[in-house]
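Below, each structure is written out as C-alpha cells.
Two complexes come next, and they have one chain in common, subunit A, joined by subunit B in the first and subunit C in the second.
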Partner chain A sequence: MELLLQYVGYGMSSVFFTAEGSLWLMPLFMVVIGVVIGILIGAMPGMSGPFAMAIALPVLISIFGYTNEALFPVLGCLIGIMKGATVGGAVPAILFNTPGTPDAFLTTLDGYPMAQKGQGRKAIQTAHFASVMGDNFSDLVLFIAAPMIAVAVERVLGLPEKSALIILSLCFMAAVVGDAPIKGLLGGLLGMFVSLIGSTMSGNGPRLTFGVPELGAGLPLTSAILGVLVLSEVLVAVEDMRNSRLKNAPPPQQPEMGPKLTWRERVTMMPGILRGACIGTAIGALPGIGTTTAATLSYDWAKRRSKTPEAFGKGTPDGVVATEASNSAVSGANLIPVMSLGIPGNFAAVFIILAVESIGDFAFGPQVFRFTPITEIPGFDTIMNRDLVMAFGLFTMMVMANFVNWTAGGMLMGLMGHLVRIPKDLMIPVILTVSLTAAYVQDGGYLGLLTACAFALIGYALRRLNISILPFVIGFLLAPTLEGLVRGAFTASGGDPYFLLKSPIALVMLAVSLFLLFRMVRQAREKGTLS
Partner chain B sequence: MTGTPVDNEAAPERGGFWNLWLGVGTLVFALVSVTLWFPQDIGSGFLKKSLTGQTVPGDAFFPVLLMALMVPLAVMLVFTHFRSRSGSSGEPVGDIGLGNLAFLLRAMLLVGLALLAMNWTGPALVWCTNAAGLTELSGYRAVSGTFPFDVSGFFVGGTLLTCGFIHTTRHTLRLRDVVIAAVSTAALILVFDVLLINVQLPPNADF
Partner chain C sequence: MKRILLGTALALFFVTPSLADWKPDGPIRLWIGYGAGGGTDVQGRTLAKEIEALRGWQVIPENKAGDDGTVMSAQLKDAAPDGQTLGFAITTTYDFAPMNSDNLSPEDFTYITTTAGSQMAVLARAESGWTSLEDLKAAAEGGEQIVWANWGTQVEAGAEIVARSLGINVNHLRTKGGRGALNALVSMDANVAWGGGVQKPLVEAGQLNILASAETGPVALAPEAPTLKDKGIDLTLGYQYIITAPAGLPDEIRDEIASVVKEILSDPNSETRQFIEKQYPPAPILTQGAELREQVLTGYMANEKMMKELQK
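Moving on, here comes the complex of A and B:
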C-alpha cells in the first residue's frame, strides 16, 4: 500500500513539476485547452472527438516534439478533447434535434422534446450532470481495474497466451462491429499486413517495399491513420453532400431555455446515473462495442424499470440521464484494455495509443503496472518503474479534465447553441485542407501526404462496402506487437509448429476465437438471407 | 467517425457481387503474394537458422501466417455468397459504382491540381520578381524559408483545394466561400508557420 501511494505521489507530481523540480503548468493548461476544444467540436454537427484528436495530434507533436517531456501536454490535450466532446455533443442534440456527435444520437429522443417544452436549460444541465458523473464513475473503475487486470495478465499470461489474446480481441471486434464480420476480420488482417511494409524483424532489410527506398523506414503511422479515419470520412461526407443536392436549410432558431436544474432534482437522478454509468462502463471495457450500444441498452433498461415508461420519448429527464451517463461512461472504460493490455477498443483510444507510440519511450501494456520497489541511490538517481509513474500521471490528468468538465464545461455548454449554424458543406472542405496539411507537416513531406491519400482511398472503399474500419485500424496498430509475441513464442518453443496450442489458456482463447468465427459465418448467412 | 450510416443507393441491386469479388480477390492476392511477391521482396524466408543453430522465424514468417488466415476467411466469403438463398448474396455489403469512381477521380484531380499549384506558385513568384527587377534570386530554394515566398504556394494551393471541395459540395462557389477558404488557409499559415518552429508547410520540406 505504501509503495502504491508512493507511485501515486510521484505520478501526480510528475504532471506539475519538471524532472529538475520546477513548477510546470503546461499539462494543466493543455487539459483545459483540450476540454474547451472538445466541447466546441462536440457541439458542431458532423464532428466528433476522434476527428478532432486526429487533427490535433500532428499539431501537438509539431509544438511539443517527440521527447518524454512532450507526453503529458500532448496526452492532456487529447484526453481533454475526448472528454469534452462527449459532453458537448448533447447541446445541438437537445436544442436542435441534431446530435453533435454520434454518442448523443439517443439524447435527441428526450432532450429535444424537453427543449420544445421550454426546458432547454434543464435538459442541457441534466445532460452535463449525467455525462460528467458517468465519466467520473468510469474513470474510477479504470483507475482500479486497469492495474488489477495488468498484474493478473503479467502473472498468468506468457507469450503464446498474449498472442492468443490479441487474436481473440480482433475476432471479438470483427464479430461485434458492423454487419459484416468476415469482411471486418479480413480488414483487420489486411491492416496488419499493410503495417508490415518497410519493417524488418530479423535485420535482413525492409520488406514489402517494391524497391521504393522511401518506404524503407515503414509507412508514416499518423498520416496513415489520419487518411483511413478522417480523410475517408471527409470524402464520404463530401460525396453524400454532393449527391443530396439539398439546399441549405435556414439556421434553426434556439428555443426558450426555461428554468435551471435544481439540486433536489440532481439528487433524484443519482440512481439513474449510477445505472447508466454501470452499463456504459461494462460495455466500454469490451473492445469494439461503441457508445451507441451502451446508450441504447441503458435507455431501454431505464424505460423498462421506469414507473412511467410512456413518458420516454416525450421529454423526460430520465431518458437524457440514461443515455448521457452511459455514453460518457464508455470513454473512461475504453482505456481499460488500452492501459492494461495495450489493445485499443475505439477510435479515441487509437489516438491515445498513437500519441504514446509517437512520443518518448513509454508504451501501454501490462508491464506498465509492475510495482518495482523505489530505491534511492544517493548521488545517482532513484530506481523505479517510470512507466508506472507515467500511468498515474495520466490518471491525474483525467481527474483534472473531469474537474474542468465539471466547472467550465457547464458554463460553456450553455453558449454552444449557435455552433449548429456553421454550414457543414463549408466546414468539411476546410477540414480536408487541415488534415492534408497536418499529414504533410507531421511526416515532413509528400510521403506523409501521399500515404494519407492512399489510406483515404482504402478507408473510402471500406466505408462504401459497409466494412467496419475499426478492425483495420486496430490490426494496423497491433501488428508489430502481435508479430513480436508470435515470433517470441515460436522461438521459445524451440520451433514447435503447435506453439500456440500447447498452453491451455491460449487454447481456450483460440477456441473462443474459432467459435466467434463460426458464429460470424452463421450470422453472415442469416443476414444474407434476410437482406 | 460521425457514425452516420453510409447511404449508398445502388447497394441493393449491385452490392451482391462484391462478396464474391472480395473473396476471390483475396485468394488471388494471397496466392500472388506467397508465390511471387514475398520471395522477391522479403530478405529472409519463412524460417531460418540462427547463429546458434536454433530454428527462428524469418521475416516472411508473419506475412505468410496472415495470408494463411486470410484464405479460409475468403473461402467463407465465397461460400456464403453461393450458399445464400436466391435474391441475396451472403454477408451484407455496400457497393462502389461508376458514380463513386467518378467522384474519386474528381477528388484526386482536385488534390493533384492543388498540389501542383503549391509546388509551382513559389518558383513562379520568384520568376516574376526577378523579371520585374525586384529580386535577383537563383531560384525558389534560395528563398524557401523567406516570407512571402515560403507560404505563397501553400496559400494559393490550400485556397484552391478548399474552394474546389466547397464547389463539389455546394455545386456553386460564391465570393464569400473564396474568402472563407483564403482566411482558413491564412489561419493555417499563422498556426504552422508563424507560431510553430521547425515545421515546414507544403511544398517546402521537398525543396
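Moving on, here comes the complex of A and C:
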C-alpha cells in the first residue's frame, strides 16, 4: 500500500516537475488547451474528437519531438481533446438539433425539445453535469481496474493466450460494429493485410516492399491513419457538398436560453447519472462497441425504469442525463483494455496508442503495472519502475482534464451558443492542408504524403460501401502485435503445431471467436434471404 | 604562357578549399537504424544536437527502424557519399545482418567512428533463483522448458550456441529490440534473455540476475559474473554503436566527421558522453577510420564462420 502511494506520488509530481526538479507547467497548459480545442471541435457539426486528435498528433510531435519529455505534453493535449469533445458535442445537439459528434445524436431526442420549450440553458447545464460526472466515474474505474487486470493478465496469460485474446477482440469488434458484421470482418482483414507490408518479423528482411527500400520499416502509421480517417472524410464531405449545394439552409436561430440548473435538480439527477455511467463504463471496456450503443442502451433503460416514460422524447432532463452520462463514461473505460493489454477499442484510444508508440520508450501493456520496490542509491540514481510512474502521471493528467472540464468547460459551453458556426466549405480546405502537411512532416516526406493519399482512397471506398472504418484501423494496428505473439508462441513452444490449442484458456477464447464468426455468417445469410 | 599557367595554378591553389576544412553544403541527414526512445536513438539525437552546437552544421536525425538496422542501411547504401547522409546503428548491422541479404555487403559502407559499446549479458529473473549457467543447465535437465528471448538472428544463434555447449535444449522467442526481450523475461513469456544495456535498472533493483557476460570481459553491473569464454563457450556477442556513410566517402570527410565526434565525446560535460557513461559504462569507445573498417570486416568473417558451424 505504501509502495502504491509512493508511486502515485511520483506519478503526480512527474507531471508538474522536470527530472531536475524544477517546476514545469507545460503538461497542465497542454491539457487546458486540449480541453478547449476538444469542446470547440466537439461543438462543430461534422467534426469529432478523434478527427481533431488525428490532426493534432503529428503537429504536437513536430513541436515537442520524440523524447520521453515530450510524452506528457502530447498525451495531455490528446486526452484534453478526447474529454472536451465528449462534452462539447451536446451543445449543437441541444440548441440546433444537429449533434456535434456522433455520440451526441441521442441527446437531440430530449435536449432539442427542452431548448424549444425555453430551457436551453438548463439542458446544456444538465448535459455538462451528467457528462463530466459520467467521465469522472469511468476514470475512477479505469484507475482501479487497469492495474488489477494487468497484474492478473501477466500472471495468467502466456503467449498463446495473448494471441487468442487478440483474435477474440478482433472478432468481437467485427461482430458488434456497424450493422453488417461480415463487412466489419472484411474491413478488419483488409487492415491486417495492408499492415503486412514492410514487416521484418520473419528475420529474412522486409517483405512486400515492391523493391522500395523506404517501405522497409512498414507503412508510416500516422499518415496511413490520417488518410483513412480524416482525408477520406474530406473526400466524402466534398462530394456531399457538391450534391447538396442547392439545399443550403439559412443558419438556424438560437432559441431563448431560459433559467439555470439548480443544485437541488443536480442532486435528483444523481441516480440517473450513476446508472448511465455504469452502462457506459461497462460498454466502454469492451473493444469496438461505440458510444452510440452505450447511449441507446442507457436511454432505453432510463425510459423503462422511469415513472413517466411518456415524457421521454418530449424534452425531459432525464433523457439528456441518460445519454450524456453514458456516452462520456465510454471514453475513460475505453482506456482499460489499452492500458492493461495494449488493445485499442475506439478511435480515441488508437491515437493515445499511436502517440505512446511514436514518442519515448514507454509502451502500454501488462509490464507497466509492475510494482518494483523503490530504492535510492545516494549520489547515483533512484531505482523504480519508470513506466508505472508514467502511467500514474497519465492518470493525473486525466484528473486535471476532468477538472478543466468541470470549470472552464461549463463556462465555454454557456458561450458556445453565441459562436458563429464555421461553414464547412471553409473548414474542409483547412483540414486538408493541415493533414497533408502533417503527413509530409511526420512521416518522411513524399512517402508519408503518398501513403496518406492511398489510404484516403481506401477510406473513401470503405465509407461509400458502408463498411465501418474502425475494424480496418484496429486490424491494421494490431496485426503486427498478433503476428509477433503467434510467432513467439510457436517458437517458444519449440515448433509445436498445436501451440494455440494446448491451453484451456486459449481454447475457450478461440471457441468464442469461432462462434462469433459463425453467427456473423448466419446473420448475413438471413439478411440475404429476407431481402 | 608560363605566367598564365603559374597564375592559374596559384589561383586554383587558393580558391579550391582544402578538404581538411570540409564543411557540409547544407543540412546533414542522420538516419537512425532503430526506433525512437532506444539507446541508439537517444545517442544519435543528443550527438546531433552537440555537433550542431560545436560546428554549426545542421544535423537532422530521422528514425528508420527495422531488421537490425538494415532497413536504414539498405537506403544509406544508395545515398551520395558526400558526408551529408550518415547512418547511426550498431556494428551488427554491418558485420552480421548483411549475411541475410542479397543486396547488402559490408563493402557498401564507409565506417566513420564508433561511440560506445554494449554490456551484453545472459539474464534470468531473480525469483527463478538462477545465478549461473550451471543453474540454468540444472533446471533444463530437471525438465523445465527453457525459452530464451532475443531480438535478432545473431543473438538467437548465440543463444543456440550457448545451449548446445551446455548440452541443453532451448526454445527461442524473437522480440522487438532489447527492451522487448526484457519485457518478455519479466512477464514470464521467457525465462532467459539477452540484454545489451537496457537491463541496468532491473538488475540494480534486484529483479534480474546476470548469469554470464557475453563481452570479452565482465560486464560493469556484475564484475564477478564470468564471461562465456571463461565457461569454455567460444562466443562474444558484444557490439558497438557506429556512425557510417555510403562507400566512396573521401577519407578527408570521414576523418573530419570522426574528429568532431571524438572532440564531443572526449568532453566530460558532453550530454552524449554522460549518457554513455551511465548506460554503456565505463566510457565512450572511439574506434575510427581504417582500424574500424578492419574490425567490421574481420567481425563479418568471424560471424560467417559461426553461422556455418551452427548449421552443421
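The definition used in the following text is that the second predicted complex is superposed on the first by the 520 of 531 C-alpha atoms of A that agree within 3 Å, B and C clash if a C-alpha of one lies under 4 Å from a C-alpha of the other, contacts with A are read in each partner's own complex, and residues count from 1 in each chain.
Convention: a residue touches a chain if its C-beta (ideal position, glycine included) is under 8 Å from a C-beta of that chain, and two chains touch if they have at least 3 such contacts.
In this text the structure is predicted, and so the values were computed from the model without any measurement.
With both structures placed on the common chain, the touch criterion links A:Thr491 to subunit B and to subunit C.
Taking subunit A as the reference, the larger set of touched residues comes from B, when subunit B and subunit C are compared. In the superposition on chain A, contact is made by A:Asp361 with subunit C only, not with subunit B.
By the touch criterion defined above, A:Val338 lies against neither subunit B nor subunit C after alignment on the C-alpha atoms of chain A.
Of the two partner chains placed by the overlay, neither subunit B nor subunit C lies in contact with A:Leu95. In the superposition on chain A, contact is made by A:Arg370 with subunit C only, not with subunit B. Touch criterion met: A:Met201 reaches subunit B and subunit C at once. Comparing the two interfaces of subunit A, the one with subunit B and the one with subunit C have residues 200-201, 204-205, 444, 487, 491, 494-495 in common. Against subunit A, in their complex, subunit C makes its touches with residues 36-38, 41-42, 45, 62-67, 70-71, 74-75, 78, 100-101, 145, 147, 152-153, 156, 169, 171-176, 179, 183-184, 186-190, 201-202, 204-205, 207.
The touching residues of subunit B, when paired with subunit A in their complex, are 1-4, 6-8, 11-12, 15, 18-19, 22, 26, 37-38, 41-44, 47-48, 54-63, 65-67, 69-70, 73-74, 76-77, 79-81, 83-85, 88-96, 99-100, 103-104, 107-108, 111, 115, 154, 158, 161-166, 168-171, 177, 180-181, 184-185, 188, 191-192, 196, 198-203, 205-206.
The residues of subunit A lying in touch with subunit B in their complex are 46-48, 50-51, 59, 62-63, 101-102, 105, 179-183, 185-186, 189-190, 192-193, 196, 200-202, 204-205, 207-211, 229-230, 233, 235-243, 245, 290, 292, 347, 425-426, 428-430, 432-434, 436-437, 440-441, 444-446, 449, 453, 457, 460-461, 463-467, 479, 482-483, 486-487, 490-491, 494-495, 520-521, 524-525, 527-531.
Taken together, the subunit A residues at the contact with subunit C in this complex read 66-68, 154, 158-159, 198, 200-201, 203-206, 213-214, 216-218, 358-363, 365-367, 370, 372-373, 375, 377, 381, 383-384, 386, 444, 484, 487-488, 491-495.
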